[in-house]
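Okay, so chain A shows up in both of these, paired with chain B first and chain C after.
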Partner chain A sequence: MALRRPGLRRAAGPLLFAAVPLGFLAVFFLWPVAAIVRLGVVEGGLAAVWSEAGTWGLVGFTLGQAAAATVVAVLAGLPVAFLLARVRLPGAALVRAAVLVPFVLPTVVVGLAFRSLMPDGGVLAIVLANAFFNVAVVARTVGGLWAHLDRRAEDAARALGATRLRAFTSVTLPALTPAIGSAAAVVFLFCATSFGVVLLLGGARYRTLETEIYLRTVELLDLSGAAALSLLQFLAVVAVLVAGAIARRRREGAQELRGRAEVARRPERGEWVAVALAYGVLAALAVPVVALVVRSFSGGFAGYAALNTTGYRGSLQVTGVEAAVNSLRAATDATLLAMVLGVLASVALVLLGRSGLRPGFVEGVDTALMLPLGVSAVTVGFGYLITLDALPGDLRTSPVLVPLAQALVVTPLVVRTLLPVLRSVDDRLRQAAAALGAGPWRVWREVDIPLAGRSLVASAAFGYVVALGEFGATSFLARPDAATLPVVIGRLVARPGELNNQMAYAACTLLMLVTVVVAIAVERLRVPGVGEF
Partner chain B sequence: MRRFIPLVALALVAGCSVGSGGETAGERKVVLVTHDSFAVDQSVLDRFRERSGITVEVRSSGDAGALTNQLVLTKANPLGDVAFGVDNTFASRALDEGVFAEHRGPESDKGQQRYAVDDSGRLSAVDVGDVCVNVDNALADPPRTFEDLADPRFKDKLVVEDPATSSPGLAFLLGTVAHFGEQGWQGYWAQLKANGVKVVSGWEEAYTQEFSGSSGKGPRPIVVSYASSPSAEVGDDGTPRTTALLDTCFRQVEYAGVLNGAKNPEDAGEVVDFLLSEDFQETVADKMYVYPSREGVALPESWAVAAPLPQNPATLPAADISANRQRWIEQWRSAVQG
Partner chain C sequence: MLGVEGLSVHYGSVTAVSDVDLMVADGEVLALLGPSGCGKSTLLRAVAGLQECSGAVRWDGADLAKVPVHRRGFGLVFQDGQLFPHRDVAGNIAFGLRMAGVGKAARVARVAELLELVGLAGYASRRVGELSGGERQRVALARALAPRPRLLLLDEPLSALDRALREHLAVDLARVLRLSGTTALVVTHDHDEAFTLADRVALMRGGVIRQVGAPGEVWGRPVDAETARFLGCGRVLDAGELAAFGGVPWAGQVGLRESALRVAADGPVAGEVTAAVHRRDHVRLVVATVGLGQVDAVAGIAEAPRVGDSVSLRLDESGVVPVG
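== the complex of A and B ==
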């Protein structure tokens, strides 16, 4: 009966696609979070927390610092996106990969690096450090779409007498808005839930919802207080996502997409300003990174030699090299899983959007997929403890849980990178293909996949890197004999002994190297069809 | 769609690569749940397996607080059979919630009884790790007592950890409560504040970045750390670069116990006995920077010079800590940060 409406009938197929990622989300996210929040709600006393003035101060500071960091990250990310998308310069592949480095660095070492660069930094240090992590999100998400925008629209505006700035603000920027909105939403969620940075740089003075939820859950076992704050966090995140979705709804539309080779060229005159800005941003990003590398050599090569050991007096259960292998294995699993889930979700969302269903429903699905980025890792982790034993094989203690939890974080990023590009594919291209006799699969293969192929690969590389650097869930779930590099670095920094410290920083350098190599290697993968386009 | 299928297949194969590999029927396995500072040589576990036929599987995450709260949350269906790492600041909560079962083994009275929480036999003391003020030996005429730290001579010299976010920070706060009493400790902290004490959120920042005696070569020569920390800061010529002030210590004791609901309580008890045995106790100093609870276990050579066990540390009853922790932290916040 429900299928009588034509929109719903056309939506039946895509809904099946969407069922897989949504099911995953329900089991590994909604259920555990609901269970732990329910425990707190049953204890009662939530209203008391909500009526404290301090609680609203927390909400204000959390959202304020996240908004500020998002603005900084977007402003810094745009020139880099331009560089990645539009400029044909030697070493572009290396820059594309190097931009990802901040993202994988464990928050504890970045926090320490920022503390030494800005000893009394306070709020400014928190905002800059959060932005530091997230410039890559903006640069890569926006760059992904920018690389495929048809350059001729701008050229036409220029030919009609528009200045370079005017052509950018009235032609390019509106076309990029969906990607900027996507990136800003992701960055905002990362900043709103950032934990280590706020703890280290905020000292004892500045606290956010995330650090307070952690304290109440982990140290005080004040589950009702944690639940009260988690619900606030949840509401704030949903409000931001809905606002973002409404902004996107107005902007997202068909663009004429082109292959990258067509749009990249040597910069001309005024464009050099943007290029200079981009290199300025890259140089700023490099400051903490270089500081870390310099520290890794504070004992000559001792820290690097120690990577083949388990640290000073055997501080670890694995060697640094074994931890690197563990990282690669878990990240491979997580990325493959996230690609499957993310591609299914993106395709479903695109098809649902075309099926004539109410846009509110499609956006609801879209928003739900983003939620894992906005909810505290400790809430999810403690939720796992009280729910996942009900599944066969007691997943709570299984090593499989690490890539599963990482995939939860990576999947929304895949969706956010892929979706703007897929949605921008001009429907007329598709209709033309269909008119020429192509079936639905053939249309996807000949039109959508070639156009989105580069974004697909880019999102895989990005997802892989995110999984490599993931610390919150991994440190909670990884067994000591399967510790990943970020977890190992965290443990080394937490122990006395000069060698442990040198080894921690050497491990950071190793992590950066692995990141760059992996990002370059993944992006070299040839996507069928892209080359011919 | 066809191109997704190999991807799914690959994901399944890769997923298997990290799979548990399955258990052999009849194998005696005990899961030890612990915090992430736990460390042991595989060879010690191997010797125990040869002796007893029991394989110990270690599962660790978080700090002592996270461990305790995980145990409380999962008490209906525990994550393992034995837990190690609940300390005296969290012991009462775990005992009140009925997390542990009684176990009295042949190793329980070899000195460990000195650190018992109560006489119910549910928690056995495995190690002792005192939190003490550490000083850089480059500092001329260093302080010796709690009171000295408030002396203007040491203005802007001390860095401590936030008791809300750091376990040594909490231990130091408890040390001041034990030393100055319920009436006096807040006044003492007001003096410390006036004397320029710096508060950071964790041990990592305090010790490796702010402290001048560690590899970070920070600006402050006095830091809250552990009695054992100087053993890791011994120069190539054998002289220690830092010293722990033995009159400023608060005793942290770490316990192990059999979990209620353990699959095989007898094997689990054997693992607790193993943690108390000489073979394991000999390794705790080197591996975890703590002191053995068992009497007559030798410390590593460098410890005798650099890190002797404090003789008269401050302590508070576990039940008092449990009852007052949250209030003390809040009072501390308003005294130091208000």
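== the complex of A and C ==
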């Protein structure tokens, strides 16, 4: 009887939707990663690499610097989260945008900004740069929950005799723990797989798994060794993703959440300390940005003028302007592709959630779609190099490859921005529309799309910025005569010549300018209180 | 005419609605009354086509099993309105008309007509976020009525409102339903609301319809002790136990409303007040008596006794309902 399996019957359509992004994922993600696994395991690289003494030092440094950066990011992020969630002061919108800026800056920009502050690089520079990126993740994730926590629980604790600090540590902090936990997991992941920053600030001296994979592939041509390292990193990433998923599940539905308006107010007495700390963090975040801009003008406008050339003694095969055009073109293609995939995936996940299938299955599809977010871009780029020659037309030398890899990185961001908004639409709103005569397609057009439209545009803009700054996969895949701006910047600072440096700083400043403009636009389009970034 | 035959809804091993038969005649308003969790909202959702079920839902005899929600022509009003936040008041009310392909001029005219009907004339271009709870429900009602549904389904339409507003709006809603001649099924847990709105009341408990009838009928003769308790009888006992109050005209079980026993100087049954609560126009008491044990009783504000006082009680026959 058909009615006996309503879940399966209703899931057929959405599964068809999900098939497109999942298929893309299979060909352009799982296959390359599987090839790396095969290369690492079968060709014996694994045993050799794992028994090398240097490998474990590498693992130790990767995890150690990530842990240190995570601690710094969490400590710096908490006061900012408080500022965003609980404080109503003039200029709140500006603060929100300012916090988002570091997160969307291209890694090469951040790397170079810290290099202009600490010319010798080193461990401290790496840790601070990685933390700089991720303060926004902590502030946004924790602040998002904080803004919706019922303030009356704290009031109750205060009425029972707790000091302000005690009420925070015994009531608020435990309530925030799941958000802090999942933010820390994400930050740790980003820091452990951070590529551009470590490459620019650590060079050959301080290497993580990520930069080691790159160096082995590009400079030593040790493919099986690189594959073994990728495998090691992949395992660590999956472990952290699983831990994050568990923390997320605990957070959902666990608390009485309230609208934002009634919890934000002017700070009182002791709270000013937290506000001052938050503004201190914001000021600290501005330092590298300002240093970068100042540095770009160290030779007057020489660096900017040089953008029309191929650098000192022809260091590049393209001019800076050509690279910028390449960047814009690749990012546009990647964003369009990612929007199609991300929208299909989000719609499928919403429909699957409503179809009555086991929640575990839907969660599984969700997590699968998130995998590229966690797996290092370098691994993806490397995987493309060893697999995609099997596809017709040998994609390895094709300019299509860069947007494909970038789309893989951007799609999860689109899903994460869009999905919470679609899920937050009350199902009864759709039912009301249906009862008024709107068929299933019409309900999407009349209810879901208008309500999610702003976040759709926001996710496109956000994705565009990320694609524009993508460095890890692109540096593997972009041919020298079709290099993008971040790749060109990376190449310029690796070559001698002060002109090259000035040109790199100038290019970074321009890239940052574009990013900041788009980030502010994203902030203005965000649906308040919904979405994870 | 709506006909529900042998309708059941199962959630896994739990039976939410069990073998319900129900009829709603054209122009009639039927209230589904029951405590929360009794399955009344599930039944409503099944009629709307939002809930898979076994059994049949028919309109004028035709089975609707294959007819999806949006083709049933049934209007739906939720407890909390569920207005479209991205449309203004007029846009919400006109939604169903647009779906039906009604032209712009006709839509504008119909929207104005409905705003007038629900008492919100001039609200057409208001944003829904600016409306109060009562106004939202009025707009939700107008939105559901606009395409002239053949059946209107209302799920606890007034429950989210505060008491004074609820009583006021219930009268208004009854007027609108009569005026528009709408056939309607109202789900509610509030007796007053059910009796204000409905031509007939169906009492539901544990997924089963226990009693159907005109409000006076149901109110005046609950079908069993459990139903009597749900309808506000604090105590259900055998008529013989009331003999101490003199000759009683009932036999079998009777239910005592809270106003059945009154404090009176010449009352035949004596007792001691163990609790007293002031209400708007009377005082509610709990009295320990010798023959009947603890009973509820009422006293006038003026002669309100205190806890510990000795009082005598008499029986007010209008507060006694035969059960069964």
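The rule is simple: the second predicted complex is superposed on the first by the 282 of 533 C-alpha atoms of A that agree within 3 Å, B and C clash if a C-alpha of one lies under 4 Å from a C-alpha of the other, contacts with A are read in each partner's own complex, and residues count from 1 in each chain.
Operating definition for what follows: contacts are C-beta pairs under 8 Å (C-beta built on N, C-alpha and C of every residue); 3 or more make two chains touch, one makes a residue touch a chain.
Keep in mind the model is a prediction, meaning the values are calculated, not measured.
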Looking at A:E446 after the superposition, I want to know if it touches chain B, chain C, both of them or none. Which is it: first, second, both, neither?
second
Mind working out whether A:G497 is in touch with chain B, chain C, both or neither, as first, second, both or neither?
first
Between chain B and chain C, more residues of chain A are touched by B
Quick check on the superposed pair: does A:P403 touch chain B, chain C, both, or neither? Answer first, second, both or neither. first
Determine, under the contact definition given at the top, whether A:F168 touches first (chain B), second (chain C), both, or neither.
-> neither
For A:W146 in the superposed arrangement: first (chain B), second (chain C), both or neither? neither
If you stack the two complexes on chain A, which partner ends up touching A:A433: first (chain B), second (chain C), both, or neither?
second
Footprint intersection on chain A (chain B / chain C) at none
Per the touch rule above, chain A residues touching chain C in the complex are 3, 6, 426, 428-429, 431-440, 442-443, 446-447, 450-451
Per the touch rule, the chain C residues reaching chain A in their complex are 48, 50, 52, 54, 68-76, 78, 82, 84-86, 95-96, 99-100, 143-144, 147, 153
Residue set of chain A touching chain B in the complex reads 108, 111-112, 115-116, 199-200, 202-205, 211, 215, 217-222, 298, 312-317, 329-330, 332-333, 336-337, 339-340, 343-344, 382, 385-386, 389, 396-400, 402-403, 441, 475-482, 491, 493-498, 501-502
Per the touch rule above, chain B residues touching chain A in the complex are 1, 4, 7-8, 10-11, 14-15, 17-20, 31, 36-39, 41-42, 58-63, 65-66, 68-70, 72-74, 77, 79-80, 93, 162, 164-165, 199-205, 207-209, 214-216, 225-226, 229, 232-233, 286-287, 289, 325-326, 333, 336-337
